[in-house]
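Quick one: this structure, given as structure tokens, is what I'll be asking you about.
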Amino acid sequence: MIKAAVIGGSGYTGGELARILSRHPGISLEAMTSRQNSGRPIAEVMPFLRGFTDLEFVEQLPENGDYDLVFLATPHTASMRLVPQLMDRGIKVVDLSADYRLKDPKEYEEWYGHQHADAANLERAVYGLPELFRDHIRGADLVANPGCYPTCTILSLAPLLRGGLVEGKVIVDAKSGTSGAGQEPTRSTHHPNCAVSITPYKVGDHRHTPEIKEVLDGLTGKDIDVIFTPHLLPIVRGMLTTSYATLADGVAQEDIAMAYRSAYDEERFVHLASVPAIPATVGSNFCEVGFKVVGTTVVAMAALDNLVKGAAGQAVQNANILFKMDEATGLDFPGLGV
Amino acid sequence: MIKAAVIGGSGYTGGELARILSRHPGISLEAMTSRQNSGRPIAEVMPFLRGFTDLEFVEQLPENGDYDLVFLATPHTASMRLVPQLMDRGIKVVDLSADYRLKDPKEYEEWYGHQHADAANLERAVYGLPELFRDHIRGADLVANPGCYPTCTILSLAPLLRGGLVEGKVIVDAKSGTSGAGQEPTRSTHHPNCAVSITPYKVGDHRHTPEIKEVLDGLTGKDIDVIFTPHLLPIVRGMLTTSYATLADGVAQEDIAMAYRSAYDEERFVHLASVPAIPATVGSNFCEVGFKVVGTTVVAMAALDNLVKGAAGQAVQNANILFKMDEATGLDFPGLGV
Amino acid sequence: MIKAAVIGGSGYTGGELARILSRHPGISLEAMTSRQNSGRPIAEVMPFLRGFTDLEFVEQLPENGDYDLVFLATPHTASMRLVPQLMDRGIKVVDLSADYRLKDPKEYEEWYGHQHADAANLERAVYGLPELFRDHIRGADLVANPGCYPTCTILSLAPLLRGGLVEGKVIVDAKSGTSGAGQEPTRSTHHPNCAVSITPYKVGDHRHTPEIKEVLDGLTGKDIDVIFTPHLLPIVRGMLTTSYATLADGVAQEDIAMAYRSAYDEERFVHLASVPAIPATVGSNFCEVGFKVVGTTVVAMAALDNLVKGAAGQAVQNANILFKMDEATGLDFPGLGV
Amino acid sequence: MIKAAVIGGSGYTGGELARILSRHPGISLEAMTSRQNSGRPIAEVMPFLRGFTDLEFVEQLPENGDYDLVFLATPHTASMRLVPQLMDRGIKVVDLSADYRLKDPKEYEEWYGHQHADAANLERAVYGLPELFRDHIRGADLVANPGCYPTCTILSLAPLLRGGLVEGKVIVDAKSGTSGAGQEPTRSTHHPNCAVSITPYKVGDHRHTPEIKEVLDGLTGKDIDVIFTPHLLPIVRGMLTTSYATLADGVAQEDIAMAYRSAYDEERFVHLASVPAIPATVGSNFCEVGFKVVGTTVVAMAALDNLVKGAAGQAVQNANILFKMDEATGLDFPGLGV
């Protein structure tokens, strides 16, 4: 049994990690930290976990705690202060923050406004999108768990870009449920402000933009122009991305279809669908991917649960790979459907 | 033209007052105060008012301002500090806070935790539910505008209680949209917390309970046991109350029907409906009232827009009465329906 | 491994049964019938089941099919035509329709407008609310799976009524998500009609009324007056009931608290909560129950997922009991929480 | 007073026309037809209109009816059978169907699957987007009222295309509330199917595509490649379009800003906003338009109420122009805001 801890566990991602790990046959959750909830039973703060855990939140992990694996559900900049000491203790880390996602520390500084404090581990970190980088993850000690938008976007676009089937800029029109904004009440997630609307935000400025771009650049060896427009959607769980790219010369619809099939036919957590549907994925680690060729444009779509495949579920998927378990261990359950 | 001002205008109620007054042919909005938005154009803070007002929020009303009427959209305890000086200046006041709703200052102290500071005006204040107290409002200088829940509840129950058609306790199961909670973000109105749920709150403790009871007691001359359970509903505008009372001996369904018809057939803003529907009332000053007799129990239902008939619209209706205008002036527009 | 089939599986309840059984270690789903989807892969009709079942819908069960257990997700009147032949083949049946819920065939006829065609089995049927009738279910061959509203209502009221802690009539104000209306589009579930509203329906006339009454009568030996008002709520999954009863003479709040604790402290699927919350139960078989004493009235509340504890999950819980498995087998996963 | 009738008035658009006309000082609604509701009071079918109209639905307009103006809220193909006879009677027509929107009858046949039956009037019809074609509308007898998506899209893109500020293809990612789907219940508007999702539909195939393209082609004199992806959004009223185009060489952000300002500073019903917000427009005829330049891409956004500026409100705006009234007559009220 792999012994795991979660640092920064009082948010939605922490709750979701605890929910998934509570039924995981190979990883046991041994500790979860929270400054604000320290000393309170997890199941009191998160009533859906009653009967599934007797743990209390702790202020911080005991120094002599014997963990094989730590999930960091901490804010960016906090993670890069914690990673070096965890790595020194020989603990494998899946970091759900943005701290190790961008390979270029200059990019990090530009988008996050902080100098990167752990360049050494940044180099060792692997971007944890198993469908693309499974082989690298397998041998890693530190996984940068992707953002929700990048996961959804990249899964829908990778087959196109990897194969050189499209060229020119990529437009990503993304829509996310409100749980993606975290559990702190804000003006934008105040129900009267968001419940009968859909609101574009941080147009062209969202921090997931360089993350998407870096991966797409890596897949193509080119400098891809990524236009990324997120929208806040009046649902709680779930996300849809609708992306647009231009077909390369001579590429036919059948080439596109084949690229998607060959990319995902063997993938446990990606399903091809003519129109991806959020409800099929809610509560599960599945991502639905679909496409439509319209003239010389391909419209690539994907749907997933932002808290599962977009966060905690993918983190567990990465942990499974790190510890040579079947990738679907503890994640092999369907979405709610309705 | 009646010159009006709104004090405390930056919340939903203030916006709604400005929305209604912007089209009112007999009342002109001359000033609106807001501490936090002082100096900003109203239409910048409330973009739906662009083209309808050039006013800027002011910190406070000019001392020499020439107003006939002030709407107080201030929190409780603030109103009772403002009312005496406004009354002294000969200004009529419609107070949308709770400060003048409870006739008994002891009740006020018990439910609001503050001693009442303006007992003199409390006695002069009239409870502004026109369908019941029109005649008193007509001669008043100070109107205590009812709460949203009491308006909805009392309109549905008054025909039963007034006529002695029911007896014993009254159970009110109320459901309100989230705009009723005001515009400050809170944990309970955080979209992920409320959007896929309906949540009972302050069960038996809500401050609208004594307000409902005081009116029902007044209608019957009895001491009515009112059980009031509000629920937060995942819609923005609109409210429904479902109330339960026991038929008095010998009362038949037809007596009930007649009581409702005679109460409301001539009322401009109350419509009888077999099942009251929130959408028919949204954006308007209308209240839909209906009932069903089930055995010896009568189920009384009402629906309205909590920001209009439940707040700003009723305030304007009261103002119309105070100034001897047709009661529907500036309010004579239908709900959205869908 | 228990071999199971579902008859009438193309609706939400069928999908939910398939979702739960796909992870059940002791029951295998061998066949699912659907007239309209016959011949189509289940996972094509219900995409959330891709990867979890290779079955196709069949028109009807093969006559020589070797099943230990059949779940009937058929409409009322259909079930009572199927049960006799299944029972004759020695197959245990969990019927999710209303056909075997009312012990008195006269009541059935009155509320459902059809004569009961299988009085013999009606007598043998056991009402499948495990928290109340576990011992009877254990020895049964035919379980009448309760309706969603009765499950929620009765779980919240049983501790009060069983102990004689309340007296007089019981008022049930119930609110259900739209999935309870089934998957056929109707005027009332048309999004523009229901999404910004809460609508009372079948006030005093809903067919779950006699089901609630029959159980409450049985618990008390009295003739309880049940007033039941369902409302359609603009959420998809989940249900809340708020019920009102009058304390019996001399009953104190602490008696009430003790009754709830002694009823549910040992129950795997009932959690006591000060305010029951739908999100904690969504996707799971849990029911949250709470209460508040207000003067001489007790407000009893319960929340659950209408498709799980209110339908398919409880059906599986009953099946587990029928076949002497641990009651939580295949159901031991938490709700989504958010 | 202009005498008007509505043909095909029982849908959402008809209700909205009646709602607006009920307060219009210059147009009186004299008759409204509906096959299915013939003989029923309008205010019974549409309860939000109680107190605002005493009309009953009629099967069809009386042949000798004296109307100045007819609004056709009929399905496509029905309009083109009605228009010739109405025009012959000297009645001006605002057609809310698609029948006269596409100038090229071949395009009509291709997208709507029917030959156009009234080529003569098709030539005389004017596309009723006042902000672009006010001068043509003024002298017309037949106005083709634009679709909701085209109105929203074109208002956001026209300043860019008209001025040659962008080049190449135009991508339109559109999101509409469910009222746009009409009042007939369907699988896609069934609440459980759409309420916790956002669903792309008719990707590349939607009939509003050629309508957008024809206008954009006309503005530029070019053959614009329009990629149009509509999504069904879980709100009732309101629409947002997010469109993407590439800046032409040498165009600076300030050029873009100036183009929008010069297009709309004098327009009563278009407001520039940094981020367009649906709630500001709900219930009103206003459209909010905004843009953001991201590298060489301009993201053009617009929000409106699909039933008002996207349908009935714009139809009334067109009627005001036809009859030389102030364009805002009867439409000069703000949106709900919240």
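The first chain written gets the first letter, and so on, giving A, B, C and D; residue counts start at 1 in each chain.
Please note the rule applied: a residue touches a chain if its C-beta (ideal position, glycine included) is under 8 Å from a C-beta of that chain, and two chains touch if they have at least 3 such contacts.
Keep in mind that this is a model prediction, so the values were computed, not measured.
Enquirer: Which neighbours do chain B and chain C have in common?
Expert: Per touch definition, common to chain B and chain C: A, D.
Enquirer: If I average the CA coordinates per chain, which chain comes out farthest from chain D?
Expert: C
Enquirer: As a quick test, compute the distance in whole Å between the mean CA positions of chain A and chain D.
Expert: 40
Enquirer: Calculate how many whole Å lie between the centre of chain B and the centre of chain D, each centre taken as the average of the chain's C-alpha atoms.
Expert: Averaging C-alpha atoms per chain gives centres 36 Å apart.
Enquirer: In whole angstrom, how far does the Cα centroid of chain A sit from the Cα centroid of chain B?
Expert: Chain A and chain B have C-alpha centres separated by 46 Å.
Enquirer: Chain A: which residues touch two or more other chains?
Expert: Within chain A, the residues that touch at least two other chains are 12, 179, 183, 192, 195-196, 234-237, 277, 279, 282, 338.
Enquirer: Per the contact definition, I'd like the list of chain D residues that touch chain B in the complex.
Expert: 12, 15-16, 19, 22-23, 46-52, 179, 183, 196, 236-237, 268, 271, 273, 277, 279-284, 286, 288, 307, 332-338
Enquirer: Name, in rising order, each residue of chain B that touches chain C in their complex.
Expert: Touch residues, chain B against chain C: 169, 171, 173, 175, 192-193, 195-201, 203-204, 225, 227, 229, 231, 233-238, 240, 242, 244, 246, 275-279, 282, 292-297, 299, 301, 338.
Enquirer: Which residues of chain B touch chain A once you look at their complex with the stated criterion?
Expert: By the definition above, chain B touches chain A via 12, 177-179, 181, 183-187, 189-192, 194-196, 234-236.
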